[in-house]
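Submitted below is the structure of interest, expressed as structure tokens.
The letters A, B, C and D name the chains in turn, as written, and every chain counts its residues from 1.
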Amino acid sequence: MGAEVLIEIRQQRFDPWQELARYQNESGLLPGSYGACATFVGAMRDFNQGENVREMVLEHYAGMTEKLLIDHAEALALRHDLLELLILHRVGRILPNDSIVLVAAWSAHREAALDACRGMMEYLKSQATFWKKETLVDSADSVRQRWVDNVSG
Amino acid sequence: MGAEVLIEIRQQRFDPWQELARYQNESGLLPGSYGACATFVGAMRDFNQGENVREMVLEHYAGMTEKLLIDHAEALALRHDLLELLILHRVGRILPNDSIVLVAAWSAHREAALDACRGMMEYLKSQATFWKKETLVDSADSVRQRWVDNVSG
Amino acid sequence: MVVTVRTFAGFREELGFDRKSIYLPKPITVEGVWELISESDLPVNLLCAVNKEYALLDKMVADGDEIAFFPPVNGG
Amino acid sequence: MVVTVRTFAGFREELGFDRKSIYLPKPITVEGVWELISESDLPVNLLCAVNKEYALLDKMVADGDEIAFFPPVNGG
């Protein structure tokens, strides 16, 4: 297994397509070696569960998050015979339209890349130690905050 | 349903990440409207079924391909409540490491985007009227051609 | 009646043409069109389309139809 | 023995601290640690980790452990 796994938790905004171009360029991926790259970008919406969202703070358990993600990424890379797996996740203050997460899986084969990408997203939703607090704005312009429940989305 | 569907069959090489950046920028996607973008990039490998591949010619049934893809894209957009669906597919002479196909599905929800992206790839493999002829090189540097069977990959 | 026959990939190479118009004195099926253009038996992997839609081999063709023959497809 | 308690998200706000060291005169479970730091009953949505690994509430804690309490997670 020569899969490379890169996990990054980042405070700064990022552009997923620029990150992918750069990563693919700088990685150890040999030209002609991969047949498939499946990616997922999660972005912040300005609405959630029927409410208008103005901003969000994404908190995580530094140290535990990275450990969980590396372990799961390595398991996925082995199971799906990946060449590369990239996970980039925002934390901190996030505004609507910002990218929150980028997952990209490179493999020789289509199914492997698609399965690994979905598998990592499911893990991020259900196991990775992140929590989101939204700032909501109602019609009268009054503001309140809530922690986001883990629901499908 | 306000989903936009863009299908393009292209002779020229393309960079998938540049195409995604440009498309997302120029599309009617409202900032904050989408929570998820799932993409798939298929690229040409320099090996296939145990053989070294030097180049490939991708042929299609012009007119029928576009018709099939538009119909299926619109069905997927409706079924998964997509905001946008982009399909870009190379034809003509293709070299190892070239991108062959790009599929991108934008939706409010993660599962919808992932399902639509996978659904379009499965359709492209099994129904869309493309055929691939590879030029193989063996160890003695002799060259031969073969049509690629439709196998998983 | 006249129909247009299109061929793709391996069948194009075998048959030696990619497009031809043929005259049919009476209505026949898609399979009948194949028998007119080919000397070989019906290939097990033969797919066909009529007017750019997938069709079965027993479909009757009509004047002006475009009949296409091709092997299993392989996009993506 | 001494353990470090960490809290996240809603529990951090309720308990009013994000990190604290506590002295334990004898070995207890993770649930016992919760009872020392909180006046409320065990929340139904309480998750915990010991030394940055998910753990069950009946796990015994050891000297130097980092015990974390948090609600269901929500990444991606």
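Just so it is clear, a residue touches a chain if its C-beta (ideal position, glycine included) is under 8 Å from a C-beta of that chain, and two chains touch if they have at least 3 such contacts.
This structure is a prediction, so every number in the text was calculated from the model and none was measured.
Each chain gets a centre from the mean of its Cα atoms; the one farthest from the centre of chain A is C.
Once the centre of each chain is set as its mean CA position, chain B and chain D turn out to be 48 Å apart.
Each chain gets a centre from the mean of its Cα atoms; for chain C and chain D, those two points are 71 Å apart. Centroid to centroid, with C-alpha atoms defining each point, chain A and chain B lie 23 Å apart.
For chain B, residues that reach two or more other chains under the stated contact definition are 42, 110, 121, 125. Contacts with at least two other chains are made by residues 76 of chain D. Every pair of chains meeting the touch criterion is listed here: A-B, A-D, B-C. Of all residues in chain D, those touching chain A in their complex are 6, 8-10, 49, 52-54, 68, 70-76.
Residues 42, 59-61, 63-65, 67, 89, 100-101, 121, 124-133, 147-150 of chain A touch chain D in their complex.
On the chain B side of its complex with chain A, the touching residues are 15-18, 20-21, 24, 31-47, 96-97, 108-111, 113-114, 117-118, 121, 125, 152-153.
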